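Here the chain labels run A, B, C and D in written order, and each chain numbers its own residues starting at 1.
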Amino acid sequence: MIRFNCDYSEGAHPLILGKLAQTNLEQLPGYGQDPYCAQAAKLIQQACHTPDAAVHFLSGGTQTNLTVLAALLRPYQCVISADSGHINVHETGAIERTGHRVLTVPNQEGKITAEQISVLCQEHWHDDNPEFAPQPKVVYLSFPTELGTLYSKKELSAIRRACDENNLYLFIDGARLGYGLTAPGNDLTLPELAACCDVFYIGGTKLGALIGEAVVIVNPKLQKDFRYFMKQHGALLAKGRILGIQFLTLFTDDLYLQLGKHANDMAGLIRQACKDAGFAFLCDSPTNQQFPILPKTLLKKLEQLYAFSHIRPIARDQMAIRICTSWATREEDVRQLITDIKRLCGK
Amino acid sequence: MIRFNCDYSEGAHPLILGKLAQTNLEQLPGYGQDPYCAQAAKLIQQACHTPDAAVHFLSGGTQTNLTVLAALLRPYQCVISADSGHINVHETGAIERTGHRVLTVPNQEGKITAEQISVLCQEHWHDDNPEFAPQPKVVYLSFPTELGTLYSKKELSAIRRACDENNLYLFIDGARLGYGLTAPGNDLTLPELAACCDVFYIGGTKLGALIGEAVVIVNPKLQKDFRYFMKQHGALLAKGRILGIQFLTLFTDDLYLQLGKHANDMAGLIRQACKDAGFAFLCDSPTNQQFPILPKTLLKKLEQLYAFSHIRPIARDQMAIRICTSWATREEDVRQLITDIKRLCGK
Amino acid sequence: MIRFNCDYSEGAHPLILGKLAQTNLEQLPGYGQDPYCAQAAKLIQQACHTPDAAVHFLSGGTQTNLTVLAALLRPYQCVISADSGHINVHETGAIERTGHRVLTVPNQEGKITAEQISVLCQEHWHDDNPEFAPQPKVVYLSFPTELGTLYSKKELSAIRRACDENNLYLFIDGARLGYGLTAPGNDLTLPELAACCDVFYIGGTKLGALIGEAVVIVNPKLQKDFRYFMKQHGALLAKGRILGIQFLTLFTDDLYLQLGKHANDMAGLIRQACKDAGFAFLCDSPTNQQFPILPKTLLKKLEQLYAFSHIRPIARDQMAIRICTSWATREEDVRQLITDIKRLCGK
Amino acid sequence: MIRFNCDYSEGAHPLILGKLAQTNLEQLPGYGQDPYCAQAAKLIQQACHTPDAAVHFLSGGTQTNLTVLAALLRPYQCVISADSGHINVHETGAIERTGHRVLTVPNQEGKITAEQISVLCQEHWHDDNPEFAPQPKVVYLSFPTELGTLYSKKELSAIRRACDENNLYLFIDGARLGYGLTAPGNDLTLPELAACCDVFYIGGTKLGALIGEAVVIVNPKLQKDFRYFMKQHGALLAKGRILGIQFLTLFTDDLYLQLGKHANDMAGLIRQACKDAGFAFLCDSPTNQQFPILPKTLLKKLEQLYAFSHIRPIARDQMAIRICTSWATREEDVRQLITDIKRLCGK
């Protein structure tokens, strides 16, 4: 069984394990106050062209989202998200548990628009009693989205303007950031993305790390007391070193981007094979997640050899699935999948 | 200016004020432990045919909804509601602040269906990892709905069955209950409604009281420790007597239902006048809230004399409004409104 | 049975009931936006010499405390209180439920000192990792305290300085404010008290109103969006008029202070009688709550005629009790109590 | 600089790193559903003699405490803890943020007693209005305590009885469990401890793991839906394998206990040296944390070579410190510290 069902099936990139082993017996301060965390933060500041950003390391995506949103929102404020956003569909109501509504708008291929944001804000502020509804304060979006798609520079700039006009913060969930930055057709650099945000995070768990997400707080007004939020939510690891060491490794010699590109290349091969086989797609993703629609009979046969994620049935006899590659995907496995698709499609 | 914009423009029914004055200097225990609260609870148990129900008195709708849902839900559970439900549109995210998602389904004239509930539950429990989403546990609905409509006995029974099949509690928001029970075409009695619910409340604020909602906890498993929830949310009034005395008055000699019927009668006159004038309606409400769609030019003239609530523009030149009657609406005001409508429509 | 066990045994001052009746059928806007609320706010601003303060009306003490503290604290911050403070002993953990620790210091006759506050703050900020503990941000105190005692102008000024030095807000719980301002020996005026605070509230429930507390937000930085907090916590009454009308009445012709003084006078008579009978006191209170220590045998006899609150046993055969007078206490009842104490003590 | 300031200065035991490397490229299911987690859970069930216990793996102590307490407490309930308990002094109010009061009792050498628990419960339930205070529902204690001390079998059994008599759950924080189980004088086995609890956790972070705590839910009534709580609090790691693999290694061939014993042995040497030097101790700890009281002048010299934690000044010229050993402490470092103590004390 070869797993294409997600991008966290393996452990960590071998360079990370090596660095963890190499530094293992060094005695270091805890709670993210070790030199490796400091070095990793420095590298990230440099990569983002944000020398004054605060960088913090947390262990996973849900934890990061809830901690950041706890820090950004006052109790009566809410976060705007695509209905397909991770905070809305995959976090067991963690944001609501933190006290805040996730105010959703319908996604278009995983994305939301500046106009949707502006309309929501106008509706709120034009009400006779705006205080009867949660006040919009943060826009949350994922880059790439949960459907693998990307915001263009133009789209993101428009969203930034909508945020400025409506006094909103912009928070970008970069759980798969490296896959987005290296995708064919992407026109956003890391510094450009950073310049658009108030806060964003660089995902490690889904891109070569054992665990770890690097939160980058660009807006200086939001940097104060963030460690209180981390500790209060159980997000301040005693051995913070293991997060610092991982991001130090990922941001040395562009490893992070290389791993992202590899996954996209592998996904590109699969995408082409699916197109060649005549499959339609749920959406047009240039990144490591592909969403082809397969005949159920074919799917059943493939699933004897490969693991995929089911998204939803399409008509009676089709199923939209997710095929994920990752930093760890082996080209030989991809080649075999392609061969099997061709074979089973009789092409 | 005559106000038809809501059903809480006046104070309380004179009998209530009289009873408050009459008992004013009696020395009574606090926090709902006085004999008037006990008597009121008894009358409500009798009216509902639920001798073992627990009855508690709170001061307003939002407070009641958040306190009841805090008591019914475990932290990871959510409440299913119409997107038009009061907890979703008019409570500043109070339920989310209490830690719970409001899981909305599209309303049909303010109502939801048993099937919508079942589908949501199936989606939740059929997921490979149901624990990645909040677990549905309570169905919230309003009777009458925020659009003035009513569930039929058949519809409510079907919802009860869906709740039983999916291990859900049913909580009915009866902020305007009296208007629903006495509406033309309503086929549900108070005991039948009570028998369908785990918890519901009987609204006083919008039906003749200064303040006050009577929570009826029918399901004995949910009765334990409810006063802790009330106190913790600031919902246990020191002078609980003022709630007990009001409900005692409302449930003596059917006053509560008489007041409801009066408002419905007044609304019926207005509805007919709107129909006669050729207006369409947002929805077909038999209760004290009417939602006609008026030409903006006409509306502008009427609003020099009357206050209404605006719901939303319809096309370019029409506006859907809400016209509310209440227990306190004077027939002469209604007659004058009707006359003015006729006059301005040139009919 | 004559009740001296609390100060909320009766309804409201007759002038309040009269004004409620007189205005009852006026049609008014809801949610505190009626002219009576505006007038009451104006009178309170004048009485406090704080023309720019925001004034809001809520229904009870626990609700007020939790709503104000929700507005003043960020999620990782805590409130400093006497261990005897109402938020620590009598609110079912409402503040913790709102997400915040109540950081207690031992009380001295119900009071805390500037030095206790400074020591706590030094401990917090001198820690190597202050972010491992909740950050002190608000000082909560009651005037009068839960033990009936009062802060002097000198004590309160010192606390204000400690707050300024440690970047803390000062929030005064004035549930019994009128009893404090009119107590013998009190050297603080309402404007002086207001000038010391960031926020305080003027209690109505325990001083002549049916329900109602008037929150005065003196610090302009804390005024923004307070109505969102009220609505979210179910503290924005639909018929806000009933709060406005009550405070309008209480702040007309000094009624509020007259009622406070009456209760203090009555308490003074009882205090003297207890002293004459040779009873010790838990603390030296000049206000409407008296805490004498009585032999249990005597107490048992008195309790056939009068209701008191038990505080705690003292040695084997004594009991500290609370005797409360209020705006409504009848002098003839006090005289009878004094007579009975004398009689039963054989004096 | 040799660090004795805490027990998490190094990475992980080499066998753990080895096993992580060895399994690194295996493709495994996420979120704790891999075979290593299953095997680790099995080994823990066996070691605890609790075949039906639920075992879950989380990443750190604060996260574990808040997630477990969120699952055990209803919103109005509170947890009883020593004032020195980790949840009270070192978690930034995480439990209060989860909505619950930490009800503290004074510690005696880090411990609480069955009698303290019973007294608190009696006070609660004997109050006329118990619902005015949070309801005690869980007893939290640490084994070993934050001061390195241990509960005896007799003490823990008495606490269990107090819990049973008062309808409380017992939750044991075992962040340093291995150091307790292997301490000289300890008379509790792991199965005995497990049999006493409703829930406890086995700490990995402070005992040889990179990260990780194993929660053991012994009481079957508390097992339901725990994964929802984990996910909601960001405590369900995508690559749960790294927790399973670590605990699998620690519970193979008694590694966990061996590491604990090593630290205790090293601490014993230091304790003896301190005694020989004539130092007093804050408390009498048989485990890896020692709390000697040193002259400040001596401490200053030692701290040029060694890192310790400061606890608090004792008189003018003494300082109580914490000296921590761990699974990773090298005997040669300990010998050198002892030599330096002797040398500097002139003995």
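Simple rule for what comes next: a contact is a pair of C-beta atoms (placed from the backbone, for glycine too) under 8 Å apart; a residue touches a chain by one contact, two chains touch by 3 or more.
Bear in mind the structure is a predicted one, so any value in this text is a computation, not a measurement.
When you average the Cα atoms of each chain and compare centres, the chain farthest from subunit B turns out to be D.
The chain pair C-D and the chain pair B-D differ in C-beta contact count, and the higher one is C-D.
Centres computed as Cα averages put subunit B at a distance of 34 Å from subunit C. Remark: subunit C and subunit D have CA centroids separated by 42 Å (rounded to whole angstrom).
We define each chain's centre as the mean of its Cα atoms; on that basis subunit B and subunit D are separated by 50 Å. For subunit B, the set of residues that touch two or more other chains comprises 75-76, 91-93, 97, 99, 131-132, 228, 231-232, 236. The residues of subunit C lying in touch with subunit D in their complex are 75-76, 78, 89-93, 96-97, 99-102, 131-134.
Of all the residues in subunit A, the ones that touch subunit D in their complex are 1-3, 6, 8-12, 14, 17, 20-21, 23-30, 59-67, 91-94, 97, 205-206, 210-211, 228, 231-239, 241-242, 328. Considering their complex, residues 31, 70, 74-76, 99, 129, 131-132, 135, 225, 227-232, 236 of subunit B touch subunit D.
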